[in-house]
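Heads up, the next two complexes both have chain A, just with different partners, chain B and then chain C.
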Partner chain A sequence: MKPRGKNWSRGLTGSITAFVLAAVAMVYLSYALPRLLPGDFVSAMYASSQVTLTEDQEAELRAYYTQDSGFPSYLARIVTLDWGYSYAYLTPVSDLFFEALPWTLLLLGSAHLLSMTVGFIAGVEAAWRSGTRTEKGMVAGMTFLEGVPEISTGIVLLFFFALQLNWFPAVGAETAYAGTTGWERILNIMHHLILPLGTLVLAYVPGNFLLTRNSMMMVLHAPFVRTARAKGLPPGRVRYAHAARNALLPLVTRLGLRLAFMITGALVIERIYAYPGLGSLLFSAIQARDLPVIQAVVLVSSLLVLGVILALEGVYRIIDPRIAHAH
Partner chain B sequence: MRMWRFKGGTAVLFLLLVVLGGTSPSGIQAGDRLEEIRIGDGKGDWGYPNPYRHYPRGPGYIRMSWVFETLAWKDEAGFVPGLATAWRYDSGTTSFVFDLRKGVRWHDGRPFGPEDVAFTVRYFKEHPYSWVPMGTVAGAEKSGPHQVTVRLAGPDASFMTYVGATMPILPRHIWEKVKEPKTFDDPEAYIGTGPYRFMAFNKAKGTYLYEAFEDYHGGTPRARRLIYIKAGNPLMTLLSGKADLVNIKPEMAETLKGKGMVVLENPRGWNKKLMINHRKPPFSDKRFRHALAHAIDRQAMVDKAHRGVGSPASFGLLSPDHPFYNPNTPDYPPDPAEARKILASLGYTLEGDGVFHKDGKPLRVEILASNITVAGESVSDRDGEVIKQQLEAAGMRADLVHLEQATTDARVLNWEFDLAISGHGGLLGDARVLNRMIHPDMTGSVNSARYGADPELLNLLAAQIREMDEEKRRALVHRIQEIYADDLPAISLYYPASMSAYNPKKGIRWFYTQGGIALGIPIAQNKLSLIR
Partner chain C sequence: MHIDYRHVMRDPWFVTGLGLALFFGLAALLGPWLAPFDPWDMSFDPISAPTRTHWLGVNDGGQDILSELFHAVRNTVVFGLQSGLVALALGVMIGLAAGWYGGAVDTLLMRVADILLAVPAIMILILAAALFQPEPWVLALMLSGLMWPTIGKAIRAQTLSLRKGLHVRAAAQIGGGGTYILRRHLLPEMFPLYLIGFAGKARMAMFMEASLAFLGLFDPSRKSLGMMISYALQFYYLDVWWNWLLPPVLCLSLLIMGVTFLAVSLEKILDPRLRIGMEART
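On to the complex of A and B.
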C-alpha cells in the first residue's frame, strides 16, 4: 500500500477548512457556555461558607474577579497563548492544567493503549476460534464485564487489593512528600497506578474485544481471506496481516473518540482513587465557577476532539485507501 | 448530581464489604516525637494557606491556622491564650487590651511584637479579610513593650470570637510592602508564628506539606511533618494506615470503633435548614410558615434519611447546648392536621385530589435540594424526598428539584425559589451567629434568612452585639430566639451527626473545639492537638 500519494490528500483540504471554522466556533462557545451556568465565583465560594458577606463586600469581591473578563480580552489572551489566572488559586491556569495533564495522560493513555491491545488480540483470536467453547466463554465473560460499571470494579479492586491484601495503595498517584527520586519514584508511581489502571482496563477491554471480534467475523469469510489461506500463508499472518488489518477501522475510530474525551473521561475513577487529573480539575472548577479554568479545559478538550477527528481522517486513508477515493 | 448519588451508593457498598470482611489496620507505633501525621480530606484542595489565598471555607482556614496564629485561641473548654497571654475589656475607652507573649519569633527568625498586631488591624481594615469583621474596630496601637490596645468604634460583645480568636496576625516586616495581597505569592507570604511552616501545596493532587517550626513558642510540635492527603474514601484511608485522622459518615462509626479507631462526635453546632422565600406569597405570611413547620416531621426525617442519627433542631436557631439557648421558644410539633387547619384558615380549600386550592389553583411549592458541604465534605441525603412526602401528606403539591449546589445557591441568593434545603454551623459559637443568619444585610449568604420584616427583631440583634454584660446579653438573645421562632423566616430542621475518626496508636488526641475553631469551624483539627 502506498497511502501518501496524491490520492491520500484528496478531500483533506476541505476537512481542514471545516476544522478551522469549527475551532473558531469553539473559541466562542468556550467563552459563552460557562457563563450560562447559574451563579458566579463569589456566590459559589462564599454563599454557603462560614463567612457571611454584606452587600458592599460582595460587590467588591465581584468587581475584583470580573475585571478584564470580556470576550475581546479573552480572544486577545488566546491569540497570545495567555490562559489567564484561576479565580480560586490566583495562579496561572496553564500551571494548573499542566500540573494535572501528565497524570491524565499516564492513566488514560496507558489504559487506552493497554485495553486496545488486549481487546484487539483477544477479539481476533476469539473470532478465529468462532463457534468453539473458548470463543463462547470469552464472549460471555466480556459481555458480563461490559455491563459492570467501572465504579463497582473500582470499589471491589480497592477492597481486595488495597484493604484486605494491602498490595496496592488506596489513594493518590504517589506517596505524598515521600521524598523519593529516580527509579524509586517511578516504582512508587507505578505502584499507585495499578489499581486505577486495572479498573479502567477492565472497563475498556470488553468494548474493544467485542468490536474487534464482530468486525473480524465479517472479514473472515471474505474472499481475500480465503485466498490468503489457499495460498498456504501461516495462520498468524492470515489473521493479523490480512483479516485483522481490515477489521481495524472501527477500533481506530473508537480509540480516536475515546482519546478525544480523555481529558475528562476518568472523573469517576479519579474521585474513587483520589487520583489527580484534568477531570477532577474541571469538576472542581465548575463547582467553584472558576471561569478561566473551565474555559481553558473546555477549549482544549474541544480542540482535541476536532484534532482527533481530523487526524482520524488521515489515519483512515492509511488503513483503508478506498476512503480517499470516495471523495 | 448523578455522580454524587452514585457516590452515596458506593459508600454503602464499600461499608458493606468492610463489615463483611475482616481487616487489620497496619500497626503504627506511638512515640514521643512522630515523624509525621497525615490527615485525609475528601476534597483535597482548599487554596494556599494564607489569609488572602485560602478558600473561604472552614478547611481553608484550618490549613492556614497551622501557620498563622491569633491573639486568643479555643480548645474543648473555651478561650485559651494564643499570641496574647491575657486580655481585658476597658469599657471607658471601649477597647481591648492584650498582653502579648514574650519571646515569640516569626518563621524567618524575626521577633514578634505589638507593632505586628497593630499593623495587622490596619492592614485588614485597608485590605479586608472576609473572615474578620473589622466594622467595629477603630484601630490598634502599641501600649507597652508587650502590650497592644485595640480600640472599638462601639461595644462589640462578639469581638473575642470574631476578631481575637479569628484574626491571623501578619508579620509587619513582610506585609507592609504588599499592595496586592491576593496576588502576593512569595514564600514570605506564608511566614507566621504558628507551630508549622508551610512547605508545599500540590493543587492537582490536593496535598499539603508542613514542617514543624522548631523555635515555636509553645514547645516542639509533636510531629516533624504534617501532611494533608486527598482521600476518596475516608474509611479505607484510615484503615489502610494512609491517614491518621479523617472526617467520616455516621454509618462508618461502629465499624471503625470495632477496628480500634477513636470516633469523635461533634456537639450540636450545625443545623440542616429549610430556607423559605418569605418575600413572596404565600410564604410571606408567617401563619403559612407555621403550617409548613407543623407539616414537617423532623424526627421522621432523621429516622428515614439518616438512619436515626441526629436530632431535631431548635426553632430558635441557637443550639440547645449553647449557653444562651432559650428552651421556651414557640414549638411546632409535627401535626399534619394542624397544618391543614391553618391552611384552611388562610382561605385554602381541600379538593378531591387531596390538594389545597385557592382561586382555582392548587397550592404548589417547589423544594430546591442539593448536596450540602458539611465540614468540607459534600454530603448527599434524601431530605428533599422526605420533605416532599410530608408536605404532600399535608395537602400541598410539592415539586422537588435536585440541583448542583452552586446552582441552588444562585437561585436562593436571587430569591428565585420557594423552599430550599441548606445548612450551616456556628450554632455553639458567639451569639453573633444570629445576626449573620437572620439580618437582611447578609445579602451574600444562602444560609442567612435575610429577614428584615420585624423591626423589634432587628433592634434586638443590634443591641445584643453592643451589650457587654453577659446576663443582659443573655436576656436579649433569649428574646431574639422567641421572636425568630415565632416569625419563622427559616426552619431549622435537625442537627446531623458530624464525626471524625483517628488512629489512637499515634498518641495524638484530636478533639472538637468548644463553639468551633475561630468563628465556629466544626472540624476536629485543632492545632493544640499537636502542641500539647
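On to the complex of A and C.
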C-alpha cells in the first residue's frame, strides 16, 4: 500500500460536501419536525406516556420546545452537548447517550470486523474451490442465511443458548453489581457479548461472503492471476497476496452503502438481549414517549453513521489508488 | 437483456422463493376471511395454551393468536408492496432522467441519491413516527422516498450503456424524440432490473416494518408481526414460545426468505456484470 499522495484527496471534496449536506439536512429535520406539531403537543405526548410530569416540569418542557431562538442556537446546543433533560430518567440526555454509546460501538464494531473477516476468508476459499461440492454447499447455506432476518436469529439463539442450555446470559452487557475488575470483568463482558454479537455476525456474514465470492470468481480469471500461478507461487500467496486484494474493494464499498440500513437490525438486537446500548435506550424512550431522548439518539447516531461512511470513503481510497486517478 | 423463463423455473431458489411469495400473498389477500376470530376481540382466556378452537392459543390481552397472525402478515405484506412499488417507480423515473438527460440534471439527482444513501432511513422514520404517529402508508411512502437511490443508480448506469446502443441510435435517426425512445426502448428493455429492484426494496420495507413495529412505533391496535414478537417476548419466562413467539418469527423469516431467494436467483440469472444486486437487494 502506497503512502497517500496528493491524489488521495482528489474527488473527496465532492463526497465531503454530500456528507455535510446530509448532516445539515438531518440536523434541520430534527429541529423543524417537532416545531411542525400542532397545538400543545407536550401535554398530548406525555398523556400517553408512562411518565407523569409535575406542572413545573411540563412548563419547563414546553418552554424548551417553544422557545424559538432559531436554528443557530439549536446548532450551538447540539455542539455543546446541551441536548435537553429526560423526564423518564431524570438525567441530562447527553449523560444517557454517552453511557449507552460505548456498548453499541463495542457490539457493532466487533460485529462488522468479525463478519467482514469471516465472510471475506470464506468467500475467497469458496471461489478458489469453485464448482466443488464444498463450494456449492457453502453458497447454498449462505444464501439461506441471507434470507433470515436478525429478529428471528436473535430470538432463536436467545431461546436455545440462553434459556434452554443456559450457556450465556439472556440480558445485559455485564453482571450487575458483580463488582468484578480487570480480566474478570472483561471476560464477563465477553460472555454477555457473545449472543448479540453472534446474531449480528450471522446476519452480516452471508452478504460479505456472497459478494467476495462473486468478485473473486471474476478476479481469478484475470491474466495477472494466471501469471502468478505460472510463476509457480504457492496457491495461498496467489489467492491472498494477488487476487483477494482486489476482491476486498467491493466489500468496503458495500459496507459504506449498507451501514445506514444495517443500523435497523442492530436496534432490534439490542432490545431482544436487553443490551444497554443506544438501541435499548431508544426503545425505552419510545415506550415512555421521552421526546428529548428520541431526538438526541436519532440525530447523533445518524451523524455518527455519516461520519463512519465518510471515513470508509477515505479507507477505500487508500486500498484502491485507482480511484484518486480516475477523475 | 431478457430472462429465459424456462431457465428461471429450473432454479430451486427461484421456485422456493416464488412458492413462499405466493403462499404469503394468498394469506395476505384472504387473511381477514381465513382468520377464525376477530383479532381485536378480547373476550378469551388470557395466555391460554392452544386448544381446538384457538389453534395457537390466546395472548395476554385475551385475543386469538392465529387471527392476529393473519392480520399481521397482511399488514407486513401490504407495507412491503406499497413501499417497494413506489420506490421502484421513483428509482426508475429518476434513473432514466439522470441517465438520459445527463448534465446538471444528472449531477443534481445523483448528489441527492448520495445524500439519501448515507442517511439511516430508520432514524428518520422513528423520528416521524414518534412525533406524528402517522398512518402506516405514510411511513411506507417516506421509506420509498429514502430508498430509491440504489434502484435509481442501477437504472442510470444501464441507461447510459443502452443509449449508446445501435437500436437507440437508429430510433433517434428515424426521428424518434426523447420521450418516445425512453418509453418505447429503454423502459421495456430494463424490465429484469425492475424485478430485482422491486424484490430487494420490498424485502427491505418488510424488514423495516417489522422493526418499527417491534420497537413500538405503530398504533398499538394495528396487528403486526414485529409487535406480536415484541409482546410475546415480554412473557419469555412463561410457556409461550411455541404457540405465541414462534409463529410470527417463522412467518417473518419465511416471508423475508421468499423475497430474498427471488432477488438472489434473478440476479444470478441476469448478466453477472449487472451487479446492482448487492446494493439493491438490501
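Just so we're on the same page, the second predicted complex is superposed on the first by the 255 of 327 C-alpha atoms of A that agree within 3 Å, B and C clash if a C-alpha of one lies under 4 Å from a C-alpha of the other, contacts with A are read in each partner's own complex, and residues count from 1 in each chain.
Here, contacts are C-beta pairs under 8 Å (C-beta built on N, C-alpha and C of every residue); 3 or more make two chains touch, one makes a residue touch a chain.
Keep in mind that this is a model prediction, so the values were computed, not measured.
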{"item": "Partner chain(s) touched by A:18 [first = chain B, second = chain C, both, neither]", "value": "second"}
{"item": "First, second, both or neither for A:276, with chain B first and chain C second", "value": "first"}
{"item": "Touching partner for A:249 - first (chain B), second (chain C), both, neither", "value": "neither"}
{"item": "Partner chain in contact with A:121 - chain B first, chain C second, else both or neither", "value": "neither"}
{"item": "Touched partner set for A:318, first chain B, second chain C, both or neither", "value": "neither"}
{"item": "Partner chain in contact with A:159 - chain B first, chain C second, else both or neither", "value": "both"}
{"item": "Touching partner for A:265 - first (chain B), second (chain C), both, neither", "value": "second"}
{"item": "Partner chain in contact with A:78 - chain B first, chain C second, else both or neither", "value": "neither"}
{"item": "First (chain B), second (chain C), both or neither touched by A:172", "value": "first"}
{"item": "Chain B and chain C footprints on chain A, overlapping residues", "value": "37, 151-152, 155-156, 158-159, 163, 170, 267-268, 271-272, 286-287, 289"}
{"item": "Sites on chain C touched by chain A in the complex", "value": "13, 111, 114-124, 126-128, 130-132, 150, 204, 207-208, 210-211, 214-217, 226, 229-230, 233, 236, 241, 245, 249-250, 252-253, 256-261, 264, 272, 275, 278-279, 282"}
{"item": "Chain B residues touching chain A - in the complex, by the definition given at the top", "value": "3, 6-7, 10, 13-14, 17-18, 21, 23, 26, 38, 40, 43-45, 47-48, 53, 55-58, 61, 128, 130-131, 182-183, 185, 200, 202-207, 209, 225, 227, 229-233, 236-237, 239-240, 242, 372-373, 404-407, 409-413, 422-426, 436-437, 441-448, 519-521"}
{"item": "Complex interface listing, chain A residues touching chain B", "value": "37-40, 42-55, 57-58, 60-61, 64, 88-91, 95-96, 99-100, 103, 151-152, 155-156, 158-159, 162-164, 166, 169-173, 176-177, 267-268, 271-274, 276-277, 280-281, 284, 286-289"}
{"item": "Chain C contact footprint on chain A (complex, rising order)", "value": "15, 18-19, 21-22, 25-26, 29-30, 33-34, 37, 41, 143-144, 146-149, 151-152, 155-156, 158-159, 163, 170, 207, 210-211, 214, 218, 250, 254, 257-258, 260-261, 263-265, 267-268, 271-272, 282-283, 286-287, 289, 291, 294-295, 298-299, 301-302, 305-306, 309-310"}
